[in-house]
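In what comes next, chain A is part of two complexes: it sits with chain B in the first one and with chain C in the second one.
Let's look at the complex of A and B:
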């Protein structure tokens, strides 16, 4: 009887989790060693997948068949097959991988190794380590420009953006920004890069052609102490209209006019908002809230928070598979 | 002149000119920071089960030099440390004299207040001293010097953190035990002030006078010593760790023990791991082979503050560094979840204070609800109106 019940439950689970029904969001839970899978139609968690220790950065392969997971405390990058939702492989990553970014060629994975002050470049097909590049202390944010020309790494304690030439794997420029830079996001045309500085409380707008800062923004959330306004994750809409900036322990997401850099609104979400991602038609924005252990869903048209979804402990990263 | 020689000469001139241009662009900068440590022997202690590391402070300074150098290599800046762990106050002052005469103008000092004051006075206006050891409140309330900054929190900052915590737990009746040393009295005085600030009542205020070896008698002596009709917590002021470790579980009433032992307000502790602190802890352990403590953190913060200023200024002039550290542009990212800045009236580094027990983090002050018009962090320690110091006019 017990076995029968188990089988039935399993069957239901499999039925529920059959990919292809709706667009799915994947959330890494840093202190639960799991991924939560959210159905973006129903906005419910449909499955929780066991992964390696301290999962943080996650990203999708360019063909949307795999999810790469930084299992920081296992010193490895895990590869999850999205069709079966099983870990099928691991990649050499260097020590303590935190964030990473995949080159548009779908092969070169740039990994920030926080404890070692290096960026490791791995070929995901051959598993060869192509390069290890010395950067500043506590490399964190990692982004490759959509045109594939630049890989940018932020080093938190050095407070720099390191611009790595993706052909030579050499640093060509270092730009000093605010204290504790965390994240870089490129516009679709690769012309502008947005970089957040957590302790500096700033977002820096970089002109990619000239590799120079053209604007610096700061934030003010009413009723929140200024030193708790700490920008981390950034997400840009593809129409160039909005930038969303997660402001960490201020528990707010800033809505920014991506053309004028004017802050339009601050939206209250869960506690310590960290990373964010748009769903496939860019109608909803999902944010991970580390301390409250949930994901907030923002309606992009109305700029309103419409739901919070309970996930695991300390949700860190979120990516939405647009093809599922 | 043969033609090849002329060519070589021209080439050499071009090279010289080129290197001159390059050097102007990269502006290479070599900076040596002095570190002076003198920790007086605290005498034999009873509860000396786990000794304190003798290089506390020094290793933090070394880590910060490495951190600064990693950043500096992208900017053509190199940092080095000249350090002296002295065995007397005189030796510490002599080491300062030697380093100062050799041209060092930035110092981190981990020594008692008297030694620190002598060094600060000898240093003169164009030399900056960072205090990474002396917690005495007097250094922040009346005996301030324009060239002296503090990265170690004062006793008042620590006890205010504890006072806020006791207040928000509503454990407001406390039994205070104070050891015999000057440091114990300094800590206890600071706590009495905190008690007044945060509405705590000290129902018993007893000096520790026993000289028995508590390893044999703790379970017999302490219950009697802590007899009182009622209290919510026992507060221990035993800075050197003479008897305090024996107080928990040996009190007359079943009550928690807080203060210098039990749950303690500290500058830093191995259990702090949020806000990226895990990375700092790992880096430190790799360097020193032990956990990072409060003195290590204070020395690290001082040299990182210098590094942050030099990165921005591209200059190592003490006067310029000092101006920068007190300007709106300075903020230290120091793994405490907030940007740290210096109080402009007394040179104290503002910072959250973790409250820890030996194996875990309990809470972090300041707490919500304790309000301040400028920054909540100024609810910890002597605020501007309470200090006579005005080192920036």
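Let's look at the complex of A and C:
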């Protein structure tokens, strides 16, 4: 009985001494050459870290120990150690890296080189360039399927999705989509891919097994001129319920029913909303608003924008570290 | 004079105002049409205009509907107060005000009670209006509906006192149209009810200062901040200060004898 009591007391103490640590959100500020670190609990910026020139795409290593940063004007990918929050390494990236994606093997980094019309594959451990794959003009978006089978690149001028086999580094199929495709997002089961086309104003739903488009959707924000409705970032909830689409200079995020592809609502955020990320329990969605220089926080349950947090100039990408 | 007398009188005046309101139920509804038109027709056209800056007490970008809702609450009280002033002139012309003022209770008490009675009706309208704004997604926090009550009472007292003061200066019922042109419209348009003041400052600094000196601006800001559970001591302070000054001026200056009734010279 006594020991039971002791255990209970110990368990309570442990419970009390490890309060649910808030996860941190990292935001790349394109014009300030910095990263803003946001405590998602208090929703305040707690630190600003100097990084290379024009940081845009950012992503976490699969073990959440490192953050990779596309320093576009330095033509390099920087590696930030999350424990010390210091730049510890750089990787070869080819010219002007903007977006990239890490293979689930945590080794192969696929980088879109906009000026050279190629996709560079780098081994992040050996820093070897494994392949340079010719793609369409102005490659932009980059995504690797969660099962690791496909790497998809979007080329802005060619308006295509290039499907790269990750074993052979060869393009197996091109799918034509709307004008200036920007971003690709896979569902967790790797069966469906969502691709946004910025100028076309459309989002394309691709069946990954057959590599065919199964649906195309467009958006209409009341009171906003149609040519300002430009889909860019996409984020999917893991329960398959919602897709969130950042609609660029329309300053709205579309909430889409991920099963019926019906737009449920448009949420007002800051100016030129660009990229999105969900926090670890998917309660809040963070959006980068480039022109207004802030990050808006959306309550996923209520589908309401609850706060906008000032960050640096032209925030571009946002990722949330679920382990911090 | 015992407290019971005051209470009896207080209840009497409140009841009379409620009876008057009950006989004019359509007026209650029609007074809501004006702010609803602003909300639905005017604000719809400007919906996207405001999403460019975050201003306190809001934490994020808001639609224009959300911005003007507190201003329209102020508008409801403003129009009601002026209408109340009109009814006082009317009362005075018909002499029922004299009956009221024949009471042995102190005149300031009678007048403030009268203002409160008018305020209760206005505040009822404001709450109905706030419920209707939910339809256009104006959703302040739940406790905000309670927190806004002191601001609404203060605003209705301030504007009621202003109405009373005006009523002391109006000699005839027909002069009331002037009140519309020279009081209601300037007060409403030159305030933060329809546009944030930083916008005003960009357009013209002198207009901005006129808005700053307009007590209605501060009443609207007190309503806006408390509706979103934020404390704005300046807005509250100015509204309360102006209320006291206007109430003193109005009760001191109120002379039921001012009006000429049916051509007979009153004493």
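Please note the rule applied: the second predicted complex is superposed on the first by the 303 of 324 C-alpha atoms of A that agree within 3 Å, B and C clash if a C-alpha of one lies under 4 Å from a C-alpha of the other, contacts with A are read in each partner's own complex, and residues count from 1 in each chain.
Everything below uses one rule, namely that a contact is a pair of C-beta atoms (placed from the backbone, for glycine too) under 8 Å apart; a residue touches a chain by one contact, two chains touch by 3 or more.
If you're wondering where the values come from, they're calculated on a predicted model, not measured in any experiment.
Engineer: With both complexes overlaid on chain A, does A:136 touch chain B (first), chain C (second), both or neither?
Structural biologist: Only chain B is touched by A:136; chain C is not.
Engineer: Name the contact category of A:119: first (chain B only), second (chain C only), both, or neither.
Structural biologist: Neither chain B nor chain C is touched by A:119.
Engineer: Contact-wise, after the overlay, does A:157 reach chain B, chain C, both or neither (first, second, both, neither)?
Structural biologist: Only chain B; A:157 stays clear of chain C.
Engineer: Kindly classify A:249 by the partners it touches after superposition: chain B alone (first), chain C alone (second), both, or neither?
Structural biologist: Once the two structures are laid over each other on A, A:249 reaches chain B alone.
Engineer: Is A:35 touching anything from chain B or chain C once the two structures are fitted on A? First, second, both or neither.
Structural biologist: It touches nothing on chain B or chain C.
Engineer: Quick check for you: in the superposed arrangement, does A:270 touch first (chain B), second (chain C), both or neither?
Structural biologist: So A:270 only meets chain C here.
Engineer: Could you let me know whether more residues of chain A are touched by chain B or by chain C?
Structural biologist: Per-residue touch count on chain A favours B.
Engineer: Answer with first, second, both or neither: which of chain B and chain C does A:224 touch in the superposed model?
Structural biologist: In the superposition, A:224 contacts chain C only.
Engineer: Across the two complexes, find the residues of chain A that touch chain B and also touch chain C.
Structural biologist: none
Engineer: For the complex, which residues does chain A have touching chain B?
Structural biologist: That would be residues 96, 114-115, 117, 136-138, 155-160, 162, 171, 174, 176, 179-180, 198-201, 225, 227-228, 249 of chain A.
Engineer: Looking at the complex, which residues from chain C come into contact with chain A?
Structural biologist: Result: residues 44, 47-48, 51-52, 54, 59-63, 139 of chain C touch chain A.
Engineer: Can you list the residues on chain A that touch chain C in the complex?
Structural biologist: The contact residues of chain A facing chain C are 222-224, 251, 268-271, 292, 294, 296-297, 304-308.
Engineer: Going by the contact rule at the top, pick out the chain B residues touching chain A in the complex.
Structural biologist: Spelled out, the residues of chain B in touch with chain A are 67, 70-71, 74-75, 276, 279, 282-283, 304, 308, 311-312, 331-333, 337-339, 375-377.
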